[in-house]
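Below you'll find the structure I mean.
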Amino acid sequence: MTSKSKTGSAILAAFVGTTMLAGAMTPADAKTADGKWLIYLSLSYSGNSWQSEAANIVKALAKTAPYNETVELVEVISGTDPQAQISDYESMIAAGADGVVSFPISSTALNRVVRRGCQEGTLFFMYDATVTEQCAYNVSYITSGFGENSAQALVNELGGKGKIFLSRGVPGNSVDERHTNGAMHIFNQYPGIEIAAEYYSYWDDRTTQQETAKALAAHPDVDGIWAQAGEYGAIQALLQANPDRLVPMTGENSNGFRLALANPDYQAKGLAGVSAGSPPAQSGFAFKLMMEILEGKREPLAEGERNIQYPLPWVPADAVKLCEGDAFENGCNAFPEDKVPSSFVTEVFNPELLPELSLASALDGQPTEGATIQALPADAVQKAPDAPGINCRQCEAPEDIYALTKIEPTVQP
Amino acid sequence: MADVLSVQALSKQYGATIALRGVDLGIRRGEVHAILGENGAGKSTLVKLLSGVVEPDGGSLSLDGAPYRPASIRDARRMGVSTAFQELSLVPDLTVAENMLLPKVSTGRFWPESLASIIRRGRDLLERFDVHDIPADAVVSDLSLAQRQRIEITRALSHARRLLVLDEPTAALPDTGWLFSQIRRATGDGVGVLYISHRLSEVREICGRATVLRNGSSIGTVALEGVDDAGIFSMMVGHRPEAEKRTALRPNKGAEVLLETRNLRGGLLKGVDLSLHAGEIVGVAGLEGQGQQALLRLVGGAMRPGGGEIIVGGAKAMLTSPQKAQRTPPGIVFVPEERKTEGIFDTLTAAANIALAEFATGGRERLVNGRAERLLARQSAERVSLSPRYLDFEVGNLSGGNQQKVLLARALMTGARILVLFDPARGVDVGTKQSIYQMMRHFAELGGAILFYSSELPELVQLSSRCLVLYDGRLAAEVPQEALSEARLLAAAHGHGERPTNDLRMAV
Amino acid sequence: MTGPHPAAELSDTAAKDTRTAQKVSSTTVAVLAIYGLVAVLILASRAVSPSLGGLSQIETVFYLSAFLVFCAFGQGLVILVRGLDLSIASMITLGAILSTTLMGGSNDGLLYLVPAILLVCAMVGVVSGIGITFFAIPPFIMTMAVGIIVYSLCLGVTGGTPRGFPSPMLREFMQDRFVGIPSPVWLLGLFVILGTVLQGYSSLGRKLTAVGNNPAAAHVAGLSARRLTILAYAISAACAGFTGILLAAYSNGATLRMGDAYLLPSIAAVVVGGSSILGGRGSFLGTVGGALLLTTLSTILSALGIGQGWKTITEGLVILAALILLRDEVFTALQTRFRRTA
Amino acid sequence: MTNQLAMSTAPHSRRLPNLKVLAESALLIVLIYAVMAVVYVSVQPSALSPYAIEALLNNSLPLMLAAAGATFVILQGGFDLSVAGIISLVNVVIAVMPVDGPLGALANLGVALSIGIAVGAVNGFLVAGLRIQAIAATLATMIVCQGAALLILGAPGGYVPDFMVYDLTGSVFGVPVALVIILAVIALWSLYRRTDAGRNLLAVGQDRKAAGLSGINVERTEFFSFVWAGAFYALAAYMLAAQTSTGSPSAGEPFLLLSFAAVALGGTAFGGGRGGVTASLFGAATLTLMQKVLFALGVSSFYTGVIQGLIMILAVLFAAAVRYAVRSRRVA
């Protein structure tokens, strides 16, 4: 490393920063020695399909031209301990990171270090999970109404009455709480809906399967299941308990669940519902957005405006369509069983925002051959509503926070 | 009556086991009172009750006329009763001074006293009781067993204002001189002493009266002057024992050599040549720390040699572990001195303890249950006269003597022809001793060979075909059976020229 | 022996104390008490939901506790030899990932792949055991470090997304019924019998117990304490791997964190089952009882209409109550009371 | 175990380290920490900036305090899983306490310590009073505390007084508050170790029976070890709240295994009798520093675990080797 080139790049960056970013933020001034942007990809744990797909997307994009020339991406896995992620963020800031694209382990514990990073000129882009620190960008679907919309879909399927299970996420987690609050907002309107059991499935297929099996022992006559991620496990538990009976259920985006929804055999047994929920594609969107801001192609947003909503994927049973190729093309939204594991989260693609990606990107972090980075559409950024404890600290949620966006009630309470 | 302690109808039960069923005794001020009884007669329980470790189920205790019911050791000490325990209650990593002062070492409650000051106070205490050769700042784990025992006794002395309980205080002491002078000083101050020992001679020397326990009951209190040894034994066991016979085996020089060592070194052992023939019992004598421990452990495979050779069954052998020793034909089995730490498996039944030898040596895994183990163990148990009904007991609940029998039975079970025993009859009662001697002779008669160390000279004289005397890690003398006498051994043990002390016992 | 010797008579006289070995050991009582507690819980669960307390709940409990029982057996053996196996979670993951990646959704090679996977897991256990015995590394650190290393390797090799499917045959096995009872429950039964024999009624079990009870004495008695300790860790790792294989078949795929949910419960099952955490004492039947108790409890709790906070508190309190009831002191007190009244 | 075997085969070399050597055992982990710090600083010179040091200390402090607490229990031969529960519970209680300013911080500290001590006392009662195996009893209390934490705060959030968030994680007269706390704990321990209570703690861990027969109140010693532990866990939760400026009902979970790893890394023997709080503090600091070193060395993130695991094993081996060398020199 020569001091000359370092100084040169610093000057260049400072120049770019002052001229193009109009002083809205401290310019990123520390590219790596070879003139690349130093970007960290900070993960919680890469322990399930969702996490690794999200990470792979960012890795694939960073290898896609022209980022393969201009971006040095360093991946860091911090485990499940917020203290470890705090330590890693500190290290990234100390190393002069230009940007950090991250799945934050805690919505609140990281605020201090994020704040400091912002002061040092590091851009923070959180995907999926969020932090309440206002200087960070949150790219997330959380505010898009997964809970209330999927709950309404289930209520519609059940005709407004029945015994249901709530298969929740991780206890004490703000995302789980938001989803469940949204769902309960709907369920509470229908006196005919009885919550027979409520259990935590840790967003994991296997845990969902075991917990659902336990609940089924007490309530074999359940009429429907409202599930967060891990939904494919619930189907397996239902089949285990009674191979001839399925019930309407809503869940997230696993390939297994989508295939099951589209399976006529399962439909005949009673399966119906909607696949919605958290898309790994958020990470790619966050990364591209961050790069555009870093490169000056896009104005940075003012603090307080940095909560960006990612649209909620919404695939009812009749809309499931198998993909022929290795990407979402022609409106397809699921893959054949032999291509991906059932736990594979299908929503890695977004033809508008992320046309660069293919299955190889999501599975192995490989760039799609011949693809180059396409600029995000000008209107790609959609502001997310305030959600206290999720993307802001002392703020008020809008009154219509649980307004339905994807579905209309077909039954009245 | 000037009884400092009076005990009436004392009873104690542990779960289903009745340990004491009615003990009466009284100890006068300034008296040394012996408690006699076989292992399992209830002596240990009595000690525990008096010292506040456990509380009685029934009966009454009074101290200087006032009811005495200690809830803890501290409680007992507060009332002037303190105990020197047989199993030694010293904390290994603390200094002598700290151990002396436990549990309240420091004078300040919240601000600690400096270690130097604690050691000074500890040293003063030691001086007060004429202990001059043990530094107060030594760490207990660095001390010899004998030194530790003296610290244990000194600590008890320092707390004893009314009653001093001494449970086998001489088990590891090389002589009784210091102990007895301290006891006399305490009794001179009016302290009553409860004295427990298996050694009748020393009991007669220091005690005036004795209370005999049998099966948890007190049989009676006698003035020791008025009763002979046989009479005491008969009270202890319920009938008169036959006179002891000296029936040592004739040495058989022509017999096959089972084991030889050449210039064997390691630990304190500086080079020993010995040979062990089939059919003989070779005793090892020596003062404390002359390398006897190393010799037996080396031969038993429980210690790695520092040099020299061991030849077993005619071939050079590397005895790297007790297992290796057992498996080297014709087989060597070692029974260590410390029953609790290296011998028994306390929560397993006696049968399981014995039968384990079969599983350790037999290579194949097999199914077992309690019955199978009992069957396996039964024969070996018979050879050491262990009553078969004890086979179902957890070994931890058995008396020390029966535990020792279990260990010997396990050793026999291995089928090894060479037995290496470290003080096999230490701390066991008369009856058990006889069973052990009998087993040893029988073992040798059947063509086995025994190498054993004993801290009791009479035992060596009585049992050995010949006796090796160690001094400073080397063989000082080999005494043939015809020349065996306690005086001869003692002289050799002191390195030939030195004058034997008056006391006839030696310690580990 | 020839003729009665005085010594023999002496000890016979001495033996005239009335102490008797307890015919029913306190361990047996404790084991029975756990199963009693499980039965009480199941019966009481009718109050929670009318569908509970029936055969289908018992079936669910057996089915779900099978996984816990499999890995708790290994944990129990390790605890028996005074150790602790914190690598269980990672070994479950390893077993699951190996089975899905190697079998790749086909039945070919099932017969040799399963033993091969178990062997690989056992070898990892041997590594832990060697570190613990020969290098005197505390079991806690050694198994935790090995667990972290294995997990990290799984993560690196799979890139975070384990691919592949379990063998269809295994998958069917997990779903099939035999004589009206799910096949895994039969497997559980077989495993419990084998485990009980191994730990309680075999020479190996006796040797392991001896090593755990008093390692120094075991060495002097001629046992290879080190080899036996290593063996315990190897068995534990293999059991965890076995659990992983079955879990992957149960949920049709492997995930990296699938073992986490079994670490603390495997220890809890062993300890609630009456084994001493200090080693040398314990029975596998007790551990099975502990696992059933924990699983039954969570089945009931999941049907209970209260918030998660209260559920968690209830779970803790019930475990606590079980521990208080299952103490040795309670049995001793009962025994004494019984003797006095009888 | 192997140690015991090796020693039992050669009783004449059976010399457990005395208190002097015990004190030295903290030096070992300090040495390991120093080596790691040198590596870290040489790779990343900016680590020596006052801010970096302050941040590192703040980051390490909660785990250090939790490990310090666990040490009290482990020294007497026990085991305390409740660390995860107590930290979660105290953490959320602080986050929902509507107080502010230095006095508010003090009130928080008072409440935190009360909870920690109370739960510790329950643990102590269960273990010392009812004679339930420590690992099982504390598992149950851990679960109960976690449930209570969920009741109090359903999701991360809440409010922590600014005084805690800024002043307690900052510096006074150029000295980081975290460092002051660490030094205070070290001072407290070196004092406590010499008091009767501290001596009894080690004595009970070394030989429970002998300690009892020496007149030490074993139950009382056990009981208070849990109380001390609870207090330290509470302190850890308090500093965690200050550092993260919020509460989380699952805040304690990562501490469960890490605090024991820290204690073991510090050389404190599981089973009791050997080790100390200072060593555990550095054990915990080493774990945190390891995270930094691995980052600085740029080890491929997928395989950080491999390096982490190996470092843990090597650190323990190194400490054991030094201890062995010291012992054999003493014997020779």
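Just so it is clear, A, B, C and D label the chains in written order, and each chain counts residues from 1 on its own.
Following the convention adopted for this analysis, a residue touches a chain if its C-beta (ideal position, glycine included) is under 8 Å from a C-beta of that chain, and two chains touch if they have at least 3 such contacts.
Quick caveat, the model's predicted, so the values are computed rather than measured.
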Hey, how far apart are subunit A and subunit C in touch steps, shortest way?
1
Measuring between Cα centroids, what's the chain most distant from subunit D?
B
Approximately how many whole Å separate the CA-defined centres of subunit A and subunit D?
36
When the centre of a chain is set as the mean of its C-alpha atoms, what distance in Å lies between subunit A and subunit B?
73
With chain centres defined as C-alpha means, what is the inter-centre distance between subunit B and subunit D in Å?
42
Please report how many Å separate the Cα centroid of subunit B from that of subunit C, as a whole number.
40
Would you pick out the residues of subunit B that each touch at least 2 other chains?
302, 341-342
Hey, what residues on subunit C touch two or more of the other chains?
155, 159-160, 216, 219-220, 308, 312
Within subunit A, the set of residues that touch 2 or more other chains is 46, 77, 171
Who touches whom among the chains?
A-C, A-D, B-C, B-D, C-D
Residues of subunit C defined as touching subunit B within the complex
1, 5-22, 197, 201-204, 206-207, 209-210, 213-214, 216-224, 280-281, 332, 335-336, 339
Parts of subunit A lying in touch with subunit D, wherever the complex brings them together
43, 46, 74-77, 79-84, 86-88, 90-91, 94-95, 106-113, 170-174, 176-177, 388-389
In the complex, go through subunit B and note every residue touching subunit C.
13, 15-18, 38-41, 215-216, 237-239, 241-242, 300, 302, 321-323, 325-327, 333-334, 336, 341-349, 352, 355-362, 365-369, 373, 382-383, 385-387, 389-390, 392-394, 397, 410, 414, 429-432, 434-435, 437-438, 442
Of all residues in subunit B, those that touch subunit D in their complex:
53, 72-74, 77, 83, 85, 87-95, 98-99, 102-106, 108-113, 115, 139, 141-142, 155, 267-268, 293-294, 297, 302-304, 341-342
In the complex, subunit A residues that touch subunit C
45-49, 51-53, 55-56, 77, 171, 195-200, 202, 204-207, 209-211, 213-221, 233, 236, 239-240, 243, 256, 341-344, 363-365
